[in-house]
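Next come two complexes, and both contain subunit A; in the first it sits with subunit B, in the second with subunit C.
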Partner chain A sequence: MAHFDPNAKPFSHQWLNERLAIDTLKRVLSTEYWIPKNINFLWAMGMVLAATFGVLLISGIFLLMYYIPDTKLAFDSVNHTIMGEVGYGWLWRHMHGVAASVVFLIIYIHMFTGIYYGSYKRGRELIWLSGMLLFVTFSAEAFSGYMLPWGQMSYWAGMVITNLFSLGSLDFQGLVEWIRGDYVPGQAFLGRFFMLHVVLLPLVIMALIVLHFGTLRIPHVNNQDGEEIDFEAEAAKWKAGKRKEAKVIPFNPVFMSKDVFVLGIYFIFYFYLVFYHFEFAMDPVNFDPADPLKTPPHIYPEWYFLWSYEILRPFPKDPGLIAFGFAQVIFFFLPFLDRSPNVAPANRRGIFKYWFWILLVDMIVLTVMGKVPPMGIYTTIGTVAAWVFILLWVALPFITKMEKPIRGQK
Partner chain B sequence: MSDRRDFFGKALGAFAGLGALGALYAAKRTWDPLPSVKAAGFTTIDLSQAQENVLYTEMWRGKPIFVIKVPKDAVPSDAPNGRKENAYNDKRLITVGGDKFFIAIGLCTHLGCIPAYYSDQHKFICACHGGQFNAAGEVLKAPPPSPLVIPPFKVEGKKVVLGESSPEYEKMKKAGLVA
Partner chain C sequence: MKELKILAVVVFFTLVTYWGVEPYAHSVMHKHVEFKNFKYEDLKPIAAKGDPAKGQALAAACAGCHSIKAAKMPAPMDPVTASATYGVNPPDLSLAGKLLDEKYLAHFLKDPTHTALVAHKFKNRPYPMPPMATDDQSAADLVAYFKSIAPKEVTPKEAYEFACGRCHEMRYAKWTQIGEEPKTKPNIQTKMDEEKLKFQEKLAQYKDHLVKYMGKLPPDLSIIVRARSEDFLKTFVEDPQSQLPGTAMPRVGLNKEGYELVFKRLEEVGDPSKPKREAVGPWVIGYFIIFTFLAYLWYKSNWKGLK
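Our next item is the complex of A and B:
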């Protein structure tokens, strides 16, 4: 039997400690969770993402009060009621729309930071994998949310994306109709995507965020040189008062104060977009109500899906689907396709340096080509960029296998 | 002792597994299209007033249905693959009251956009990814992998019922002409 002091005042520190072990929790999760000193602002992106998810959750709760998931009423409940009648309804909608777009920008920065510094290597594989699961779930969350205003782009994006599940020549029309609950997107479709967007997927995301943090706790975050730090020894220096010599700082309050500084700058940028440039996250086509008998001239996804859309587009149907599927899953395999033991910035890793920058530029090219109409020179550029993407991943195990070990790496 | 515990563990696991399977089946059925959705799947189109080479768009199961009374001189002007067949002689046309009609689901077989009809060239062009079809719905230009799909139909005088099969439809289906 644990010891409970009968004289402890209810809710006093001692009383809580005996029941919840708050001192231990605080020590393990924050004051003695060690972060290397040798990092830069890119290490704050995780906290930026967590904060943006918080913004999405809160703004979403307010939108939920007036949104109606009915194919006849949804469009007006968003564009008339929330935007025109509800006090500050426009604020929640613009915060929600802009955050949904910006969160992908930060996710991509976060991912490419990890790739650049090799933060997915031995000991950190689960961080990468749980992060990729978060990326996929966020993608599903963004797509299901895009259906809800039931505008033209909602409807036709829903049509095109669910059609992918017929899996080309396999022609699984029954599966497509099962996913939609109808022959075409309709009430059943809107209802289930509403459920996914506001309940099931947010719950999965929250669980995955906990898992993602959990996978980080034992390997700790990487640093700018990929140095293997003896966290216990360095932590002992810090605790002994040798704060200058220690290579680490505690997460709370030292690292958090740096994080909060970056958050401050980020939110200035974010609210600038919310108040002055929200239109970039509001496609004009989606301000026409859904019309099953009229396809918009160009159907394109939001910017953050363009690169994978462009990998689908230049090929015939079946190879296109295979290429698209490849693009969706290949990032998961990064920790196992990179055969080099070197944990170091890409710039110090020989050919991998070029691999990294070509991949980054190629994905930007794919993104731009996904937006322009598929004609003439754009089709050629898109096709080349799609092949470059595929070949880069095929080449990765070979070029990393040839990589020479860097000093200190086994 | 441990044998008994193993047995109980396995028995519990088996029953929980059965329950999970049942729950999965219920979940699957909940996602199925409703009976009312499936029952509303029939549409009758009256073709007695149709004019030649005009695209009529009807609705069937929430999908657009293209109807064209194809004229005898319907030739695709410049099919990119060089094909110049007369669409009027295409086996995919449906004879209704002595006239030949093109009736198909108006969704591109690539990714489901609605192609537009250019009556002067007797062809469809899809704005999404550039696919082209002739006036009988045959593919002139990729990416669409197959012709525009002909829905199950039954001719009744000058009318056509969509969603209901008929010997003519079954014959076309057997010949691989409906999709």
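Our next item is the complex of A and C:
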């Protein structure tokens, strides 16, 4: 049994320490949580994501006070009540909409940082996997949120995406109806996506964020050179006052101070978008109320889903679905498809360097082609880009197997 | 510095993606229609000089269907009865001389169907507006008359009601095709709002006539400024057929000032937060600039002597 000093004043430092071990917590989670010194601002993207999630959560709570999940009232509750009648309702909505879009930009930057520096390898596999789970859950959260204003794009995107579950020629109409709770998107559909968006998925996201942080604690974050650091030895140097020689810094306050600075710059950019350039995150089509009798001329997802949408689109029905399924899961396998032992920036890794930059450019090409109408040259470019994507992943184990070990790495 | 190079790479790929999915993709998706600045160049200039007094005499014929409140001529019928007869309630003409293009109005009086670009809709039925001017001179006289009676100042709301409001409702501003929704209260005993129900009955009848006339109910324009681009709206109003071939929407013939007033109305109803946004934006961004500056000092003090 632990020792409790009967003379300790309630809520004094000693009293709390005996009950909560606050000194230990502070040490383990902040002042002696060691981060490599050799990092750049891309290492702050995790904090930027956490902050953006916070913005989404808080603005979402405010929107939830006035949003009405009823197919007859939802559109006006968003576009009239929140945008026109509630004090600063427009601000919460624009913050929520812009953050929902920007969060994916940061997620992609965060992911490509991880791929570039090999931060999914050697002990860091679970960081990658839990991060991918977060990506998938954020995608579901974004999609379910997009249904809520019940505009034309909500309705028709809901129609198209739930139709995918008929699984092509298998023609599982029953499954599609089960997901929708109706033959077409309607009240049951809106109600369940509302529940997913405001309760179940946020809970899952929060649990996954904790898991993601947890997976980071033992392997520690990677650094700009992929160097394997003896954290205990380096921490000892820091504690001995050799701050210049030590290769590590404590999370708090040293790493944090840089994170907060990056956050500041990020928020200037973010609020510039919120006040002066929000339209990119709020598609005009969704300002027409849902109309089951009128299909919009162009149906496309938000920009962050376009690359995988374009992998679906150029192929015939069944192969397209298979390619789409491939695109959805293949990133999960990255730590196991990369067969090279090298943990290093892609630019020092032979053919992998080209693999990385081709993948990045290819996904941007897919993204743009996913939005333009599928006709003429765009179909050709889209098809080629989709094949390049698939072939890149097929080639990955072979080119990384051939990779020469970099000096000093086993 | 290395970090700035990395930032440049990130910004570059972000901007390329943005350019591709926004300006570029939209330029491919939406056909380009040249904006002609409400000049109506397809219509020949009218050389005749109008005489308002002669126009006034001719305008007596207009009052058979239209009200001209500026000249104290009341509407011959209420909106619902008028819509049963004509399909849509004919507009009050007080503002015609102010908001409509002079040349357009003259041509419209001579040949309404072709000037409004609705001939395709009236092949087998007569257009409710008959030609009212037999030659350029009488058209010019009528135009001169309408210009002489038009008020100097027109509000955006009045412009909207004149140009759009008899076909397009605007529920966020409580505007219906037959006027503003009356403020009514339900009976405290029965919980029924009889007056409102009566109004709605009239509105239902009007909409019924309107749908028969137009082919479908013209859309509510409450937030059309968010649903369509500024470029689409002005080119569409200038020439509806250019953007939506075959549409029943007539060319209204607004002049530049008239369109600007209408657009102002669309904007104040469809994007009411614009003034607040512009007021609050600099403060929030200013806050974060100061925040970032302080954070930079904190960062520098922590990283001093580390490298």
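The rule is simple: the second predicted complex is superposed on the first by the 410 of 410 C-alpha atoms of A that agree within 3 Å, B and C clash if a C-alpha of one lies under 4 Å from a C-alpha of the other, contacts with A are read in each partner's own complex, and residues count from 1 in each chain.
To be clear about the criterion, a residue touches a chain if its C-beta (ideal position, glycine included) is under 8 Å from a C-beta of that chain, and two chains touch if they have at least 3 such contacts.
Model, not experiment: these values are computed from the prediction.
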Superposition on subunit A - do subunit B and subunit C clash or fit: fit
Which of subunit B and subunit C A:Gly186 touches, first, second, both or neither: first
Which superposed partner A:Glu32 touches (first subunit B, second subunit C, both, neither): neither
Contacts of A:Lys244 with subunit B and subunit C, given as first, second, both or neither: second
Which of subunit B and subunit C A:Asn163 touches, first, second, both or neither: first
Subunit B versus subunit C as contact partner of A:Asp225, first or second or both or neither: neither
Which of subunit B and subunit C A:His298 touches, first, second, both or neither: both
Touched subunit A residues, subunit B compared with subunit C: C
First, second, both or neither for A:Asn79, with subunit B first and subunit C second: second
Subunit B versus subunit C as contact partner of A:Lys317, first or second or both or neither: first
Touching partner for A:Tyr272 - first (subunit B), second (subunit C), both, neither: second
Subunit C, subunit A and subunit B - angle at the middle CA centre, rounded to the nearest 10 degrees: 60
Shortest CA-CA distance between subunit B and subunit C [superposed frame, angstrom]: 11
On subunit A, positions contacted by subunit B and by subunit C: 297-298
Contact footprint of subunit A on subunit B as seen in their complex: 28, 31-34, 37, 41, 57, 59, 61-64, 110-114, 127-130, 142-145
Touching residues on subunit C, where the partner in the complex is subunit A: 2-3, 6-7, 10, 13-14, 16-18, 20-22, 24-25, 28-29, 171-172, 219, 222-224, 226-229, 272-273, 276-278, 280-281, 284-285, 288-289, 291-293, 295-296, 298-299, 301-303, 305-307
Subunit A to subunit B touching residues, read off their complex: 156, 159-160, 163-164, 168-169, 177-184, 186, 188, 192, 292-295, 297-299, 313, 316-318, 320, 374-375
Residue ranges of subunit A touching subunit C (in the complex, touch as defined): 37, 40-42, 76, 79-80, 83-84, 88, 90-91, 94, 105, 109, 243-244, 249, 253-254, 257-258, 260-261, 263-265, 267-268, 271-272, 274-276, 280, 282, 284-285, 287-288, 297-298, 303, 306, 360, 364, 367-368, 371-373, 378
